[in-house]
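Read through the structures below before going on.
Two complexes are shown next, each including subunit A; its partner changes from subunit B in the first to subunit C in the second.
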Partner chain A sequence: MGLDVLANLLYQFADNMAFLLLAALGLMIILGVIDVINLAHGEFIMLGAYLTALSYNWGHLPLPACAVVSMVGVGLFGLVLERTLIRRFYQDKLGALVATWGVSLILSQGILIVFGPSMAAVPFPQWTLTVGASSFDGYRLMLFGVAVGAVAVLWWLLYHTRIGVQTRAAMQNAEMAACLGIRIRRIYLLTFAAGSALAGLTGALYAPTTTIVPLMGTGFVDVAFITVVVGGGANPIVGALTSAAVLSVISAPLASISGTFIGRIGLLVAALVVIRFLPQGFSGYVRDLQRRRMGAAAAP
Partner chain B sequence: MGRGVLDVSNLSAGYGSGSILQGVTLEIGAGEIVAMIGRNGVGKSTLMKAIMGVLPATSGEVAFMGQPITHLSPEQRAAMGIGYVPQGREIFPELTVEENLMMGETINRDKRGTRYDIVYAYFPVLRERRRQLAGTFSGGQQQMLAIGRALVGAPRLLLVDEPSVGIQPTIVLEIGEVLEKINAEEGLTILLVEQNTRLIARLAHRGYAMDKGRIVARLGRDQLTNQDMLVQYLAV
Partner chain C sequence: MDASQETPRTPDPPGAVTGTAENDYRGSPRVTRRELITATAATGVALGLGGKVLGVPNVVRGAQAAAIKFGLLEDRSGNFAIYGLNKWHGTQLAIKEINDGWTLRGGPDGPGGPGVVAKVATKPPTMHPVLNRGASTVSRGGAPSEDKVVWDEADDYLVKSGDTGVLGRKIELIAPDPQSDLRQFQSLARRLILQDKVDVIMGGFASAEREALRPIMDQNKMLYWYNNQYEGGVADKYTFCTGALPEQQILPVMEYMIATYGPRMYILAADYNFGQLSAAWTRAMAPILHGQVIGQEFIPLSVTQFSSSIARIQQAKPDWLVMYITGQNHANYYPQANAAGIKIPMGSSINIAQGFEHLRFKPPALARFHVTASYMEEIPTARNRKFVSRWRKMFPNEPYLAMEGHSAYVATHLYAKAVRLAGTTDKDAVIEALESGIGVEAPAGWVFMDPATHHLSNYIRLAHCDEKHNITFLTEWPHIEPWWTRRLGVNLVKHPEFKQYTPDEDPFFKKGTKR
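And then the complex of A and B:
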């Protein structure tokens, strides 16, 4: 009995954390590296879901292949958008907000015009896992695995590849990085494309769990923003993990006792409390701690 | 334009509100160590930034290895072989020492290979502490790291802005030795902004004195070793 409750709580926690991570990761790396808030992030997720629905229902592809189509498709879309529009606004953060907001409107209205108010559903893969007296959705557990895997891949890219280390250098001091011959524009282009591809993946993974409509992005983006704000842009990896974990610990039990709506309210309150005390989010706090320690060590 | 490593002619640049550099002309030949001296705030660092391309020229021209670079970005100038060691060092504090050095690899895209061996030989402390975060370094070690970072990329011209500021005399000595050695052994061309008269006298083959954004004197080797002469250009 006690074990069942614990297993259930863990399952809720994993389900919640996967959702927060997958919703937020793309937004977070774009904010962390380029310092641009992509207000069209939710619509990128929606595009991913549409691409999956189309390739599943029309193209008759298996779901994993649909996810690849969504990732590549939305990633390429992000690549083109950065080249043509977003890079014009790197010196103008307010302009970037307006531009990405405009893109979000065009995307949701455009999809509405082309495909109408809703899309053929993607069936939910029923993999039931029974542990003792409780049973869990295997698909949702897999989502948790994918979310953690995505973080691991990002970490590997940022810490163990040349372009990743260059990206971290550009985050710390873009002007100096440029003076060493590091191609900042290219880093921003690839980052925007990677963030977009992550949004596409999220849309693909959650397509079987929701009704696919032009405004579905909003259901992801509010949670994504809370996660990003609580995590902070100083270090996307640390930020995403700590923020998603802490927020899930708070909202998972609330949601399972009192429903999704109360869970969301809990998220919001938790976010407000964290921001009150850590204005730069968890990763900003970690960075400041580290800087203070380095400052002490660096005294002549 | 001449055939030197660096040719600056009539260069003006500034920060939005007003022009700081008022038509600077200088040239540096291959293998030279040239000192740029002048009081605080006369525009020495501004000149370095304009040569690097961080600040756009409002008029005048910069040529590197005989090619005009006035309209190139800092990235392109670095890729052609200009290594920059800025005032304040600007190391990446949250990268390891090794990762910092790696960031210099993109300098001089025509080089045959990276120069970790030389950098580690000149500054053994960088090898010993290569896994340490650069932000934990003392000022002197950070200065070595900033110089090492530029040297890894095998630059054809090294711009060094006040390497002695805020650093223990023993480390200033060590840095001076390294710059001297690398110039003698590898023929590296160096533009050195300095106010430390001992370092100037030790390193520079010749120099320029700057005041209010202009070059006000060309100094020969004998003038650079004359303390009274230097003090005249450096005193407030």
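And then the complex of A and C:
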């Protein structure tokens, strides 16, 4: 009985954390590197889901290929959007907010006009696992694996490649990095494209689990924003992981015991508490700790 | 951007390298006046052209003098789009038939058509005693058949109205799209009433949408029809409801499921007035029907992922599930529960019949699903086959003929009949005509508009969905009256009211309800 309950809780935690990570990762790196809030993130996820549905139903591609198509497609769209629109708002955070909100409206209503209110579904792979008396959905465990894998790939890119070093330099002090010859515009362009591609991947992965409608992005964007704010933009990797973990640890057991509604409330209250005490989020707090440690080490 | 046009907003630190466009990550300079004018002009042209090229007006108009203006507020986008589209099509089909001079058979007469005398077998057919197959002899010994009266299942329900349109006037449909947004519902309703000056308004899918509209209709004394199943209780002089009610859907399905699968039920309901009140009905009626509600969960309408709800259901281990989940977000429960391996039978008053989940999701996501529906496309009667073929001739790409499209269809025909009876579109006269006791032969069966409660008695069938998503009808209740508000003393003919009763106001519920 105990093993059953434990397995159930772990499964809920993994599912929740995967959802938060996948929804928030793209937004996190865009905020962390470029310091721009992309309100169209939910619509990028919706675009990824639509691309998956189209390539599955019309192109008859297998699901993994559809996910790649979504990533590439939404990444290219992000590239174009960055080149035409976002780069005018690097210094103007509020302007970026309004502009990306406009983009989100255009995307959702545009998809509604072109494709109608709903899209043919993508089938849900039936990977049922049974542990004792409970049965679990293997697809969601795979999503957890993909989420952690995405974070790992991001970490490797940021810490073990030249472009990663350049990106971190741009995050730390963009002007200094520019003086040293780093092409900041290109970094920002690639980051925005990468963030969009991650959003496309999320849409592709969650497309089988939901009905694909033009407004489906709204279900992802609210938790994404909460996760990003709690995580903080200072360090996308640390921020995403700690924020998703903490929020899931609090909301998953609550949802398990008292229902989805209470789980949601728990998530929001947890976010409130964290922001009250750590206004810069977890990664901001970690960065301040590091700085204090460096300052203490440097002091005589 | 040219470096020469730059006016950087932050002052450069001394010695900084500026001016190289390639490295200017700080963004382009603020927009120049020329750029602004060009952009505005381009946008204006695009929008103007776009309006003509894409041509998406959200108001369908036919220019007719002295036409009867028929307002319709059904969602064609948003969370409730698939239901609204179906109801819009049902209304359009009915209006076309009315304008062409047809109407549903009926009037203040009783149920069914004329009976005929025919030869009927005295005993059911028996299996061949030796070959043990095939129904061979009708009876062994005794008279093989006798003369009895059987009901004439008329295979057509439309008759000529002797009129073109209604009282010689065509019906003009004005149907903007409220996009499943309550604020849009209210502002569009005011526009229809005050600007378009319509003669009747039909619309609303979710109970929240109806309750947002009803005060506006009452304030403006506008005849309003709500053509959707719901949690019951509306007692409003200006409102007529053609959808099914809890006493017509919830009680029969509970009766059947408790007798067939067992008394332990777990309720999964959408967290708004419909879900809460239907769950209250279920909890209150459970003791009478020898059932037991072992748990319940109310899910907010925006939730799309159901892992925690599925886990709690698995822990509770009910005999069957009561499903009151609504909208396209909640429909995702079925494939997710199926992937998680849940095989518990389900009973509902809404899914499948309204949202055709059995066609939208791959088998066996909706296996073991039971719903008491006032109409489904799969009903096997001859008159329904005629109805389906007429609908599909007008809308060949309709994904499914849902329960509420039928309600909208019947309501439109009923309205036309009432206007003809009243001789005018004056709303009070039409309301009086509707209260005169009209029954019509709907495609589902005979239905009757109850004068006292302004609700329709419905022909209810229990549908079962199997592993391959085939629908069979296990039981039917040909005539369930809307008796609940009558028990509360509602008689809108004698005492006009403008409210919705909730189970809390019924002393009977207070006795049985345990939270």
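Descriptive notes on the structure:
Convention: the second predicted complex is superposed on the first by the 299 of 300 C-alpha atoms of A that agree within 3 Å, B and C clash if a C-alpha of one lies under 4 Å from a C-alpha of the other, contacts with A are read in each partner's own complex, and residues count from 1 in each chain.
We adopt the following convention: a residue touches a chain if its C-beta (ideal position, glycine included) is under 8 Å from a C-beta of that chain, and two chains touch if they have at least 3 such contacts.
Everything numeric here is computed off the predicted structure, so don't read it as measured data.
Once the two complexes are laid over each other on the shared chain, residue contacts for A:Trp127 go to subunit C alone; subunit B is not touched.
In the superposition on chain A, A:Gln166 contacts subunit B only, with no contact to subunit C. Within the superposed three-chain model, A:Thr84 lies out of touch with both subunit B and subunit C [touch as defined at top]. By the touch criterion defined above, A:Cys179 lies against subunit B and subunit C together after alignment on the C-alpha atoms of chain A. Applying the stated contact rule after C-alpha superposition, one finds that A:Arg264 touches subunit C and leaves subunit B untouched. The wider contact with subunit A, measured as residues touched, comes from C rather than the other of subunit B and subunit C.
On subunit A, the patch touched by subunit B and the patch touched by subunit C overlap at residues 175, 178-179, 183-184.
On the side of subunit C, the complex with subunit A involves touching residues 9-10, 13, 16-17, 22-28, 31, 54, 56, 76-79, 81-82, 85, 271, 297-300, 302-309, 311-312, 314-315, 328-329, 331-332, 335-336, 338-342, 360-362. Residue ranges on subunit A touching subunit C, taken from their complex, read 8, 11-12, 15-16, 19, 87-92, 112-113, 117-118, 121, 123-128, 130, 133-137, 139-140, 170, 174-175, 178-179, 183-185, 188, 208-211, 213-216, 218-219, 252, 255-256, 259-261, 263-264. For subunit A in complex with subunit B, the touching residues are 162, 165-166, 168-169, 172-173, 175-184, 287, 290-291, 293-295, 297-300. The residues of subunit B lying in touch with subunit A in their complex are 52, 54, 73-75, 78-79, 84, 86, 90, 92-95, 99, 102-104, 106-109, 133, 135-140, 142, 149-150, 153, 166, 168.
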